[in-house]
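Structures incoming, each one as structure tokens.
Heads up, the next two complexes both have chain A, just with different partners, chain B and then chain C.
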Partner chain A sequence: MTIAPTSDRQPQDTLTGSQWRAALPWLIAFALLLALPFVFRSSSAITVMNQMAITVIFALSYNMLLGQGGMLSFGHAVYMGLGGFFAVHVMNTLLVPLPLLPLFGGLFGLIFAIIVGAFSTRRAGTVFAMISLGVGELVAASSIIIVSFFGGEAGVKGDRTEAPAFLGINFASQTQVYYLIAAWMFLSALAMYLFTRTPAGRMANAVRDNEERAEFLGYSQRTVRFMSFCAAGFFAGIAGALIAINFEILTEENLNLTSSGVILLVTFLGGVGFFIGPIVGAVAFTLLQSVLSLQTDLWQLYVGLLFLLAVMFFPGGLTGVLAMHGPAWRHGKLGLLTVPYLKLTAVVVTGILAAACFLEILFHVRHASVGENTMRLFKLTIDTHAVWPWLATGGVALICLALANRLAPDVKAAWDAANLPAKGSARR
Partner chain B sequence: MSIPAVELTGVHKSFGKAKIICGVDLSVAPGERHAIIGPNGAGKSTLFNLITGRFAPTQGTIRLHGEEIQGRPPYEINRRGLSRSFQITNIFPQLSVFENVRCALLWPMGLRYSFWHLVSGQSELNARADDILERINLAGRRNVPAGLLAYAEQRALEIGITIAGGAEVIMLDEPTAGMSHSETDAIVALIRQVTEGKTLIMVEHDMGVVFNLADRISVLVYGQIVASDTPEAVRANAKVQEAYLGAALEAAE
Partner chain C sequence: MELIAITLFDGLVMGLLLFMLSSGLTLIFSMMGVLNFAHASFYMLGAYFGFQISQSIGFWPALVIAPIIVGIAGALVERYGLRRVHKYGHVPELIFTFGLALVIEEFVNFVWGRDQKPFQEPDSLHFALFHLHGYAFPAYKVFMIFVAVGIFLVLLTILTRTRIGLVIQAALSHPETVQNLGHNVPLVFMGVFGVGTALAGLAGVIAGPALGTFPGMAFLLGSIVFVTIVVGGLGSLWGALIASLLIGWLQTFAASYNLRFADILTALGFTRPLRIADSVFRDLWTLTLPQIGPILPYFVMVLVLAIRPQGLFGKREL
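== the complex of A and B ==
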């Protein structure tokens, strides 16, 4: 009962309203990607954007497993790293034009995903998670042993400008690299989105929800998972090749368990329940990482705390928090939340800053060289061995905590009011 | 006589030392509505799970339209034209009602594991899914996540998913479990309508439903079938009354 190909072609000549609506976010994203280097011109900004785009691909590919397929992987960086190492070797042959390199990374990631997926996708849950952890550890260990491929601790270096020129472009400038990465990100994201709309992608959701029922509808849960797993490996490999192009070096860090853990964190922070979640997560995380890491040595602590808070209070991630406001927005009652939110935000931000200052002072006392008793905090010079900075920061943090506690019922009440449908449109 | 739709010969099933099914022979003709009844713990659900491939029998053969299917995985049995529902509602809770039904249509409509078709472009697929929603009276709840439906609605969806693919043999495991009287009447009417011209095998506790729907009834007691006959004959069977039915029949009247 296949549908004749002609009936598929017909609507392409004239796009209907719903098709325009589906295409609109992609058109906006396309325009945005084109325009960004004109807005953020500094080379450090472009560095951040390149990293962001690579993380977006990697996080989206990870969410094919976690959010779409219900597979919790602790070793997804393996496919990115292996794709990257392979790509850097291909780059060093000087035979392949740079824009085609990600295809090689993707293929290598795919091949390795086929091998591992063949035995790891039989079940989801703990078994899958443990196998992914084991494979991650295995590959990370081999990366130190198999020096000819992984280059040992020094990694494998390349030089992208030596690759054959593509339409006269040699990718010596950062902006050229940006457009290359942005193009691959756009294509990959679009392909991963379209995958979710195919029978294989729909059944990945079904198997995630209820693997047993899917089997009674004609689908082998293992095959459905295997297909998502392979696709995820392919796109992770593309991200790896883009690392090879962007940084011109691949090391063990690109495939170890830390990288695998970070991408889980990024994806979860963005929200696994929505396609756009990992994109939000990757953008937010990269920004946080590049901004915070310049300001403080403790940035990983703050990111860790943020992750903890997200897991405990916002399991839907950043996107989930935004989506929660959908009903209130549709009822036209979002305005009710503005004032309580502003109050709470002011208190929470002050509290977080105070707590962060407290931690920074603590860190300074523990780690500064002997005799160095002053530090700079927000343009203030502070004597860390005096009592008052401790009292002030700790006190403000505690007061803000108490205030936030006091404000919570107001926010809750406003939330309930905003989510109550207007009279006349009530359902249920 | 034509080939039976479902035929069990000498089927045994043990879990460790516990013998749950001890030599069941059963034959269901195409187009027949067949009910399996019996006291709690008689092995009705196990028998269901054996036929549908959830478990493999320890011994014996199970044939679907003459072809041996015992020990095959559920998805292969389903592809041969047998579809089942579950006693405990077994749907895709995070997917919309429409998506639930559409997932049940993908394989029968030949889309298989395709990653080069977009489901939105399959107009016949979507039309058929909407048609099923009309038939199970859930068109108004089309875009609601299935997990948020009321219990009776979930039971209707369960049946909708089961029949969507157009399987020849439909197996329903206690379709009216936990329903009120009016809900039961509605679901019985629905079952009657959607299984028109198909082979139906059902496990059911509600004797009203059984005697209302079934062409033939098999009585399972301690893993053995003690009677398999028309409703009237089963009602009159002394062995059945002795084993189980008397008390249940009185309760139904």
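== the complex of A and C ==
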């Protein structure tokens, strides 16, 4: 860990002309965000993209705590929800143009983060996790009671088109909202990335890795955590205000424990070790959710199982898995892995599909109305009370499991071969 | 007066039920340093298994068999899930149990559906044991009290009077040393996890008929159990007992005393605004104690964590 020897808490401008390589991904992302509505024109696609962008901001802000600061929070949705509720109220005053609204949401999230952070950032680890859980439950329960601010169970509604027009735009169409959200996402992501390059962001990493040592260097672990916590609260508030703009309603669901849990899942699936991890997680999860929830009633079971398997086998998340292949890539030996990977992927995908079909048939038999014996599965009509669908799906799943077990040593051997020279010659 | 007696009784039942969950959880927590988010899910599994078994062979066999099944399931989860994740550190472990809670809830939805199950107490306990000022004390609740007190005494005896208990206590604070002395610490962990989840399962079988058997029952109790072990202090059986009773009474008293905030505000010299619907503070005037009852435990927990992170009876911080 390198720490800038200059005075701490001084934000440095690291994005100079000589570092255009660092700016390249951002330029690509910018162009991509501009082009996406021309590629995916349907309104459902834009709805999904809007949700994706909001989740990206929220997940990135969550990773400021979990990945960069080492603080496991079970109540991060509180700051998003509070920022969103405040933004709806600001929107309903009809005084603020819509593009400035996220600033108000962010500031409200920041204020609340300052209050909570003042007593919760003293320790990391389980104490912090438990305080965040308690605060999360407190706020979620209060949101039902305090009707004047949270609107009770019905929530608070708004109408974005009645806000003062901005440069003649009234944000009635989905595409206009998309560009608004995309612009805020780009700015927030950039700001959060730059935060990781400041001494404050670096010290957050140092405190995460070894708080005692950071204290010996003269930094207060509490202050360092507090700064990360406040920044995370601010960006969560921005995400909340964008929810207010996009959905025009906020309810208790936006700040309860379930939302906090989902964002933990999203961030972890993407990978907490890299800045881009939460972005990957948010995109993948939103896609998965919108596809699966249309296709099956069991999608939450699948997502839960996926999550469990991910924690057990890929604790680095999606980006962690990709990054594992860095050494093999640098040695030009990635080709060794292709064939074993293809074999394993084919087997695993077939097995998962078969197991899912088995579960779907089982679910149909248990919960369909009496006398309804047929179901449609991947354009096939299946008699659920016959024996063969059970045998076929269950059998294929078991065979694939056995095959995967057989293939595992091959993959392991190929992996070792691909990484062999990495031991002596590689720098890291 | 009779309201106090009845509330004391109900709070005692609630608190002891919480204790059955928190006693296992506090041991697991202090031993592995992991908050088992799925603990209340094992309690729910106990209720559903108990329901299923009691449908075919009756309540009393279910009371024995269901906790054993849950305990075995818990031990398997520790052996093949948690132990695997353990090497990655505490956060992935926590996240693992969090995901497990999700999966167990979806599993229950999958197998038993979303509606409440008609899980009834056995006929032999379906009568009023005694009456007080016209309020009938159900025999089943007294039975719950006896089971919980029995568990407490057995656990206390095992932990303080037997050799296994001494090994467990030593492994709580110095697992490496205990391992070096030749004890099989992973086996101890698995055993404690199994027994802890079995206790949660037992609590589920007992609570199922009293509080209802439905997929939300784990979520309802899950966070409250954390409150009790955090407030009580890590690894302290007495702490878990006292905190459970405290939280139980706090909730039942808040639920049964209809204290209105308007009265307090009036007593303090404020006047009620005439147009209450327009006032910003209208919620302050319409608030009642039963309304804020559910958030009181969390308030207590945040207070305890901010002021005394080791809990009331804990010897070390979380």
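Simple rule for what comes next: the second predicted complex is superposed on the first by the 403 of 428 C-alpha atoms of A that agree within 3 Å, B and C clash if a C-alpha of one lies under 4 Å from a C-alpha of the other, contacts with A are read in each partner's own complex, and residues count from 1 in each chain.
Here is the rule we go by: a contact is a pair of C-beta atoms (placed from the backbone, for glycine too) under 8 Å apart; a residue touches a chain by one contact, two chains touch by 3 or more.
All values derive from a computational prediction rather than experimental measurement.
A.B. asks: Identify which of chain B and chain C touches the larger number of residues of chain A.
C.D. replies: After superposition, C is the partner touching more of chain A.
A.B. asks: After lining up the shared chain so the two structures overlap, which partner does A:195 touch, if you call chain B first and chain C second: first, second, both or neither?
C.D. replies: A:195 contacts chain B only, not chain C.
A.B. asks: Just to be sure I read the superposition right, which of the two partners does A:213 touch: chain B = first, chain C = second, or both, or neither?
C.D. replies: In the superposition, A:213 touches chain B alone.
A.B. asks: By the touch definition at the top of the document, which applies to A:183: first (chain B), second (chain C), both, or neither?
C.D. replies: neither
A.B. asks: Where does A:227 make contact in the superposed view: on chain B (first), on chain C (second), on both, or on neither?
C.D. replies: Only chain B is touched by A:227; chain C is not.
A.B. asks: Scan A:205 for contacts with chain B and chain C and give back first, second, both or neither.
C.D. replies: A:205: touches chain B, not chain C.
A.B. asks: With the two structures laid over each other on chain A, which partner does A:131 touch: chain B (first), chain C (second), both, or neither?
C.D. replies: second
A.B. asks: In the superposed arrangement, does A:353 touch chain B (first), chain C (second), both or neither?
C.D. replies: neither
A.B. asks: Let me check the overlay on chain A: which residues of chain A are in contact with chain B and also with chain C?
C.D. replies: Common interface on chain A, chain B vs chain C: nothing in common.
A.B. asks: State the interface residues of chain A toward chain B in the complex, per the touch definition above.
C.D. replies: Per the touch definition, chain A meets chain B at residues 1-3, 7-8, 11, 194-195, 197-203, 205-206, 208-210, 212-220, 223-224, 227, 231.
A.B. asks: List the residues on chain C that touch chain A in their complex, please.
C.D. replies: Touch list, chain C to chain A: 33, 35, 81, 84-85, 88, 90-92, 94-96, 98-100, 102-103, 106-107, 109-111, 113, 223, 226-227, 230, 280-283, 287, 291-292, 294-295, 298-299, 301-302, 305-306, 309, 317-318.
A.B. asks: Hey, which residues of chain A end up touching chain C in the complex?
C.D. replies: 66, 72, 119-120, 123, 125-127, 129-131, 133-135, 137-138, 141-142, 145-148, 257, 261, 264-265, 268, 298, 300-301, 303-305, 307-308, 311-312, 315, 359, 363, 366-367
A.B. asks: Touching chain A in the complex: which residues of chain B?
C.D. replies: It is residues 52, 73-75, 78-79, 83-84, 86, 90-95, 99, 102-104, 106-125, 161, 165 of chain B that touch chain A.
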